[in-house]
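The structure's right below; bear with me while I get my questions together.
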Amino acid sequence: MDFSQYSPAEQAQLQRVIEKKQMTDFIKLYSGIVERCFNACCNDFTSKTLSSKEETCVTNCADKFLKHAERVGARFAEQNAEAMKDAQAGSR
Amino acid sequence: MDFSQYSPAEQAQLQRVIEKKQMTDFIKLYSGIVERCFNACCNDFTSKTLSSKEETCVTNCADKFLKHAERVGARFAEQNAEAMKDAQAGSR
Amino acid sequence: MDFSQYSPAEQAQLQRVIEKKQMTDFIKLYSGIVERCFNACCNDFTSKTLSSKEETCVTNCADKFLKHAERVGARFAEQNAEAMKDAQAGSR
Amino acid sequence: MALAELEILTDALNRMMDSCHNKCINPSYKEAELNKGESVCVDRCVAKFFEVNKKVGEKMQSMNNGGGAGGGAPRSF
Amino acid sequence: MALAELEILTDALNRMMDSCHNKCINPSYKEAELNKGESVCVDRCVAKFFEVNKKVGEKMQSMNNGGGAGGGAPRSF
Amino acid sequence: MALAELEILTDALNRMMDSCHNKCINPSYKEAELNKGESVCVDRCVAKFFEVNKKVGEKMQSMNNGGGAGGGAPRSF
């Protein structure tokens, strides 16, 4: 995104808001993975510690979700770049 | 809502917060419809473009959700007005 | 949490942010209970008033969720205290 | 506290919208209009959601006064 | 409105991530890698999600112009 | 970063509350009390949720150090 139309003070403020948003987004990604992998892998509450089967499931789940997130992010960026190119071509 | 107990400066600040909230709410409504209609209509990933059946489903889904949202909003306003009238009658 | 490294002005600001967060959290808890108990208890829309069966279900559901929340909160605090003790022992 | 009120209202409205859609609207989306049955269901759904909101509010209020957990809760939205 | 754009983008990305995970990834988690079938499914899923976003945007735009409910909506993310 | 910590804590607590309710509480709501079985289940559920949180944190930490995607993650809540 292009912020050059803003004053330095506004840019600094914007920067702070964006950094806060990135932190919040990271927290949500992190706790979202915990929630998703817990729900998918833990269904036995006769014990309070993870069985080795549950542990493997959780590790694979977190690993796989991060790879999935990376792939979706890459495709998203490509599609978005294309959509913006189309929009500019259309407005000329 | 009645904001007359606030100073003009406070009212201006409140106004900005409310406008920001309305924008966030609109974004959530919009992306919520995209998510809901995608989930309800798209289940075949042998192709990367929408089939005509999926397209019709998405258009109907968005249309219907907006009509639904309007109806819920109208009933909500009525019920809320009534509840406030009851509350005032009760406090007299 | 220990806020003693902050200046009084920063502490006051922090206090306001925390109070706002507590209010937002309470609102989310409250409306989350309404949503959960409505979804679990109300499935008949041939009438616009709660049947006595639905009413009992809603009251039990709210009651039970609050007790559940209290128990999770207590266990959470215990586990968290333990994890922090382990972390401190590990860093020495 | 005007903002708190606004937040309670929009939070409740959004959850109501989702719940009543799930309870009342046929998810096959063969048509773009709400049919008669769906419309009536939505009206009753909103009314019941309000009743549930009131019941939960009373429960939280009484716990609060009785010394249990939880803060104050609004009587209406 | 740079922040509004950023919020639209991240909100869309997060929902897409969840939806495409639910549609494409086997929830038994026997392995840590995305297999070939899952990878292809994810790519198509993102493309379709973009199309749905565009369709919904057009619908909201036309309602807005036609005097219906709803505000303006972005053509692309 | 005290606020970040507070946000991580409440976010985790809220998700734990929902997950453990779904895993442990009978949704027929015939009684207002947590019964013995439900109570024990909730205690174990919280303990397991903590373990999962730790595992996921380690995974994200190692990816971060190993040059993969993702930022740092807290060892405990």
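A, B, C, D, E and F are the chain letters, set down in written order, and residue numbers restart from 1 in every chain.
Definition applied: a residue touches a chain if its C-beta (ideal position, glycine included) is under 8 Å from a C-beta of that chain, and two chains touch if they have at least 3 such contacts.
Everything numeric in this text was worked out from a predicted model, so none of it was measured.
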Neighbour overlap between chain C and chain F returns none
Farthest chain from chain A, going by mean C-alpha coordinates, please.
D
Based on the averaged CA atom positions, which chain is farthest from chain C?
E
Could you state the distance in Å from the CA-based centre of chain A to that of chain F?
18
CA centre of chain A versus CA centre of chain D: separation in Å?
30
Geometric centre distance via CA averages, chain F-chain D, whole Å:
27
Please compute the C-alpha centroid of chain B, do the same for chain C, then give the distance between them in whole Å.
25
Sequence positions of chain C contacting 2 or more other chains:
28, 37, 41, 58-59, 63, 69
Touching two or more other chains - residues of chain E
7, 43, 47
Quick one: ring order starting at chain A, direction chain F?
A, F, C, D, B, E
What residues of chain E sit close enough to touch chain B in their complex?
4, 7-8, 11-12, 15, 18-19, 22-24, 40-41, 43-45, 47-49, 51-53, 55-57, 59-60, 63, 68-71, 73
So in the complex, the part of chain F that touches chain C is made up of which residues?
2-3, 5-7, 9-10, 13-14, 16-18, 20-21, 25, 27-34, 38-39, 42-43, 46-47, 50, 54, 75-77
Please give the residue numbers of chain C that touch chain D in the complex, ascending.
23-24, 26-31, 33-35, 37-39, 41-43, 45-50, 54-55, 58-59, 62-63, 66, 69-70
Using the touch rule from the top, collect the residues of chain A that touch chain E in their complex.
1, 3, 14, 17-18, 21, 25, 28, 36-37, 40-41, 56-61, 63-65, 67-69, 71-73, 75-76, 79-80, 83-84, 86-87
